[in-house]
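What follows is chain A paired twice: with chain B in the first complex and chain C in the second.
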Partner chain A sequence: MIRLERRVDQPRWLKVAVPAGSVLTALLAGAVLLSLTGHDAMETYQLLLERGFTSQGAFTATLTAATPLLFTGLCAAVAFRMRVFNIGGEGQLIMGAVGASAAGIALGDGPVVITVLGMILAGAICGAVWAGIAGALKAWANTNEIITTLMLNYVAANLATYLVFGSKSYWRELGGTGAMFPQGKPIAEGAHWPSVDFGNFTMGFGFFLGSVIAIGLFVVFRSTRFGFQVQVIGDEPRAARYAGMRTKRAIFGLMALSGAIAGIGGASDVGDTRYVLDPKALQQAGYGYAGIVVAALARLNPIAVVFVAILMGGLSNAGRALQGPDFPAGLVGTLQGLLLVFTLGGELFARYRIRRVAAEHAAADPADTPGGAPAVTA
Partner chain B sequence: MGVRTAVPSPLRQSLILPVSTGVDSPGANVHRTTSRSVKLLSVALVAVLSLVAAGCGGDDDAATTTTKASGSSGSSDSGVTKAAWVYVGPTNDGGWTQAHDAGRKMVEEELGDKVETTFKESVPEGPEAKQVMEDLIKDGNQIIFATSFGYGDALAELAKKYPDVKFEHATGAASSENLATYYGASEDTIYLTGIAAGAAIADGGTVGFVAPFPIPEVIRHINAFELGVQSVNPTATTKVVWTNTWFDPEVERKAADSLIADGVDAIASGQDSPASGEAALAKDLPFVGYDSDQSENLADVWLTASLYDWGPYYKKQIEAVADGTWKTGDYYGGIEDGFVHLAPFGQLVSKDTQATIEKQQDAIADGSFEVFAGPIEDQDGEVKIAEGETATLPELLSMDWFVKGVEGNPAG
Partner chain C sequence: MIAALTHLLAQVPDAPTTVLTSGRGINDNLFVIIAISAIFYGTPLLLAALGEMLTERSGILNLGVEGMMLMGAVAAAWTSIHASGPGWSVVLQALVASMVVGGLTALLHAVLVITFRVEQIVSGLAITILAGAAGLSSYLASTWELASGPVPHRLDLLDVGGLADTPVVGPLLFHQNVLTYFSWLLVGFLWWYLFRSRTGLHLRAVGESPATADAMGIHVNRYRYVHTVIGGTLAGLGGAFFPLAIIPLWSDGVTGGRGWIALALVIFGFWRPELILAGAYLFGAFSSLSLTLQARNVEVPTQLLDSLPYLMTIIVLVVVSTGWARRRVGAPAALGTAYEREAR
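Moving on, here comes the complex of A and B:
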């Protein structure tokens, strides 16, 4: 009988060996898949790297793709740190886009500082309110936040669809090609978010802002009282209450913060990339759900979220470059999933060791599986 | 996009995550956890860097060959024209995208060595589309066919940026020097399918129409359909349900089911997939398809469908690129040049009805009959097209009202 045991301490070499090993395994597993389907693995990886990161314009596009994932990743990471499972990044981002596009249209060609600030604020407030609904229900009515945030995603998606497809609302463009196909009203050119040119690549303001927020969150969680509370409440809510922490308020505040971050992501989607509220594309993209994966891969570390978002953005961009008559989209998705699963799965070996044990001993102690017990009780 | 795909993954995540965050003893002290996050950060950094490094190392040769390949194939010196398609759905959607891809395959077959084609499927309409097309241009493609309306902004921008590349926008609204649009008068063939549906149901019956978006194109199609129904069944009506999607088999199927629950006598579809036909088959109701010939799969309930034949147009345009005669334009194909045509009739269409349809088809082709010829009233009984007049092209392209006999809201 083979059993996994938690390592009491991690030897130093493991911290390098495990990630390196799991990436290598991921690439090898991908290579097996590729050669089984008649593709040259080396060439495929080369193309992935080139189109995701190194070729002309690729890194710019990767940052663009990474930006919404950065925000939704942070949104999930922040909430999950306190074991508040905000699955609603999707809806909060959409509501942020709704708010920010209204602000962008209204503020029009004002000074760029005002329009950008206005859009960020509108996006953050809308996202915070949307998450706050589920947060309040969780804090004061003990409602399961997984269900409420998830359901609110559908409400947000349908609301945005209604604004552009189902009504002649403020958000809808009625002139021009808007008469042929329902579409959002574009924000004024003066409200487009600035970007910084680094020579080889361009970084949108949204990505910069997201990175700053990530660093800020890292500091908050590391060295502020709020960060400490989040940790304690997450680990043991009852102990936190005994210690006099206002857990309900913290839950509500954290949800609102989490939603505000996703909302700014929605603002960035409008200000950085699309310049309109595009409900159909937002739903198709599913940034909120992808953000949960980003947060998990980053082990809820805000700064790691930045890098994982870049990685995921590059991987998805490069994925489309692979696609073609001989390389169906399904195979691309399989390859991407394989790379992620193996990279993530390796983490297990950094924290657990494999040990052979006598069968009766293992049977007597069924709960002591790799992290098994929390999965049952959670 | 449906609930079935969206719901489980976050739920599953939520069940997994407590494990990954809370593995350590419940009373874990906070300082330890904080320092753990620093360690995790370094782990994540190493992971990212090593992935990049692993990708970088080793295969410089491949890099050079790839660049060389794309560099040389950019010109047509070799006599090979490189053409690319950007699809909004998967190539096996059983409808819209599949029809375009059939056109691409036809080009490959007929032009053989003279052409090299590729495609990207399920490309979102947004910044992703721009990136995908830039990559296709990098690969040396000389002409790009983008087959969804939502690619318009990306195409307009790229057409300006790459004046030497030819862009073609199916269902597009705006053309420019190197950006052409192409589509066809499927309202004519949809009118003919309406005749088939009107004849297949009882007098004064109702056809349920599963429709994608409340936009002029689709409204025009539904109106043409109802006019076809009325031409043989004057009091019959068409009931519309909007799905707000081009392609989502699950939603399409549900929309058809809701119409069937409402008691319609037949189903017609304006969607990219034939899913509503399966709903019709389950209840044994006559079905009018769109975009794809399902006369074999849905034989028991099949009437006919309006089809597009994109292949000849694609071939013509690619040949024009090859010999340097490509010109921009707004192509609007019709029955007369075979761009739109009907799928084979099913057994539910009687010989008499087939004769009627064929007669009308000839009349449309030779110009002696127009679908939108007055008098035509809207839902409120207001005359929209007066007797003796026909709808002008701008009127057709901006149609936002339903003809009398259509049940539904043209505003969505």
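Moving on, here comes the complex of A and C:
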């Protein structure tokens, strides 16, 4: 008979050992899958490490790939903290890219500070509005935000596709090759976001901005009234209402904040990377869903999101660089999924103590457990 | 989409390309065509939503429907290409394979949320990310080179009693494939199971008040395991409908978010099989509207029509989330919460 006892407090070593064990198990499961499907697991992992992190120029590309994940990861982490499940990072990022590319096209030839600020603002507003729809419905109409944010993802993708492929909109390039093949109108060169050279690697402005936002969020959650409210509403909404907190307003505000962050991610996609609204590529990338993985692996800690985003960015960067018959599509997503599944499952070992007990003992009164800790039989 | 369109036209007996014979004239009108495609595109939604309904009735929320459908789709496509035997047996094997794989994917969710006590929402999302369009289903499809050619053995339309040409009801009732007929039987069976059988009563008790059910001697977690896995088999079956009936050539993410719509349908249908059937066909009609209208040369922006099912989901959800609807027919009370015996 196996018996689970909830741990009253977690020893320090477990906080390191459990995630490490989970990652190792996930890699092992991935290795089994790779071997079963006729690939050399060790070689694949080594290639991933090389192309993601250690080879020439790899880290620069990894940071670029990590940037959208950083934003969507923060987007999910912020909302999930209050147990508001914003799955709409995807659509909010797309709307941010729509807004930012319009700003980039309009402001293109102005001073770079104004242009960049304009693009960030436009992206944030569009993302916030898109998330705000679901936030308002959740707050005042009690509508399940998981489904609404998801449905809005598809609507946003269709909208962006319509702007570039289905109409002669402001976002569409009508001259040159654009007359033949529908494509987005590129932003002016003056609107490209700056990047910083660190010698070994280059960091785009988007990644820097995302890291600053992460630190800001960390502080907000740790030591402001809003951060406290988020925690209380997340843990016990009824207690929060009795304490006089405006929970509806907080839900709406948090969703808008979460969407604004994803929207800035969209702005960074236009300003840092693609310089154009590219709906097809954005849809294919699936940044929003990967952001949920990032947030969950980082246990909703904004600072940890930065590092997990780099890790996941490295994986997807390597996946892109290596894609071919030996390195099938979907492998990176599978590995990310395995990491997530095993990390989630592994938390059991951090939260509960697992005991083998004799059968007749297991039936004893729960009050027998040390410190009165609740016990369960499974 | 083009493949789906040509296929639809080939399947629909009253498509403009076929010769008009007696009784077919009336079946060529827009209403009948929309009704046919509502059923056709609604069937996978119906199967997946019925599965999710069973799962949610036990108190387990599984957001991994999209992932389970895609795993079922991959399994069905692989089996259809590689299994040997006469066509009908290959298709049968493909359907069984999709159910097994869908069930196994759901089992992973069940283990995570019931035994490992992972948050149900997060675990379901993890399942969809692991198995979904950019994950395992895509990995397996490219490892097995499923996209190299169309699926050879597929679900054929049956002409039941030779009545397929009967005006209006012929194509709707007597000219469907096996899976559609199965889904109709399933709706009836599940209604009986939930509301007339003892096990169904126990199931509802588990979903509404697990502590009470436990006190009555019902094995709460056993019910939850079984119904989560059965939900997964039905999602897998719904996924199989895509390679076997809708889009013969594999492409990643072939279900195109239908798993999420199925989730919304369960809410829309108030966790009742007969209402879920109505909802599934409504969504089926909407998701095929752009194809149907294009085929008739009606000029409407495709992206607008493609957005309609999603927008409609939101509107419907808002309506059913109002206090009035919630009081009358709400979600199972224990939905989304783990049952820990000591916490009761």
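One rule holds for everything that comes next: the second predicted complex is superposed on the first by the 296 of 378 C-alpha atoms of A that agree within 3 Å, B and C clash if a C-alpha of one lies under 4 Å from a C-alpha of the other, contacts with A are read in each partner's own complex, and residues count from 1 in each chain.
The criterion applied here is as follows: a residue touches a chain if its C-beta (ideal position, glycine included) is under 8 Å from a C-beta of that chain, and two chains touch if they have at least 3 such contacts.
What you see is a predicted model; the values in this text were computed from it and never measured.
Undergrad: Scan A:299 for contacts with chain B and chain C and give back first, second, both or neither.
TA: first
Undergrad: For A:181, using the defined touch cut-off, is the partner it touches chain B, chain C, both, or neither? Pick first, second, both or neither.
TA: First partner only, chain B.
Undergrad: Chain A residues in contact: does chain B have more, or chain C?
TA: It is B that touches the greater number of chain A residues.
Undergrad: Figure out whether A:341 sits in contact with chain B (first) or chain C (second), or with both, or with neither.
TA: Only chain C is touched by A:341; chain B is not.
Undergrad: Output check: A:37 vs chain B and chain C. Expected answer is one of first, second, both, neither. What do you get?
TA: After superposing on A, A:37 lies in contact with chain C but is clear of chain B.
Undergrad: Which of the two partners, first being chain B and second being chain C, lies in contact with A:73: first, second, both, or neither?
TA: A:73: touches no partner chain.
Undergrad: Is A:143 in contact with chain B, with chain C, with both, or with neither (first, second, both, neither)?
TA: second
Undergrad: Return first, second, both or neither, reflecting whether A:151 touches chain B, chain C, both chains, or no partner chain.
TA: Second partner only, chain C.
Undergrad: Return first, second, both or neither, reflecting whether A:87 touches chain B, chain C, both chains, or no partner chain.
TA: After superposition on chain A, A:87 lies in contact with both partners, chain B and chain C.
Undergrad: Name the contact category of A:166: first (chain B only), second (chain C only), both, or neither.
TA: So A:166 meets both chain B and chain C here.
Undergrad: Find the residues of chain A that appear in the contact set with chain B and again in the contact set with chain C.
TA: Shared contact residues on chain A (touching chain B in one complex, chain C in the other): 85, 87, 146, 150, 161, 165-167, 286, 289, 292-293, 296, 328-329, 347, 351, 374-375, 378.
Undergrad: What part of chain A is in contact with chain C in the complex they form?
TA: Counting only chain A, the residues touching chain C are 37-38, 85, 87, 137, 141-144, 146-148, 150-152, 154-155, 158-159, 161-162, 165-167, 286, 289-290, 292-293, 296, 328-334, 336-338, 340-341, 344-345, 347-348, 351-352, 366, 374-378.
Undergrad: Considering only the defined contacts, which chain B positions touch chain A in the complex?
TA: Spelled out, the residues of chain B in touch with chain A are 1, 6-7, 9-11, 13-23, 26-28, 30, 33-34, 37, 39-48, 50-52, 54-56, 58-59, 62-63, 66, 90-91, 117-128, 131-132, 134-135, 138, 149-150, 152, 173-174, 213-217, 244-245, 397-398, 400, 411-412.
Undergrad: Show which residues of chain A lie in contact with chain B when the two form their complex.
TA: 6, 10, 15-16, 18-20, 22-24, 27, 42-43, 45-51, 53-57, 61, 64-65, 80-81, 83, 85, 87, 146, 150, 153, 161, 165-168, 177, 179-182, 221-222, 228, 231-232, 234-236, 273-274, 278, 280-281, 283-286, 289, 292-293, 296-301, 303-304, 307-308, 310-311, 317, 320-321, 323-325, 328-329, 343, 347, 350-351, 371-372, 374-375, 378
Undergrad: How about chain C: which of its residues touch chain A in the complex?
TA: 63, 108, 111-112, 115-119, 121-123, 125-143, 252, 257, 260, 263-264, 267, 301-304, 306-307, 310-311, 313-314, 317-318, 321-323, 326, 340-343
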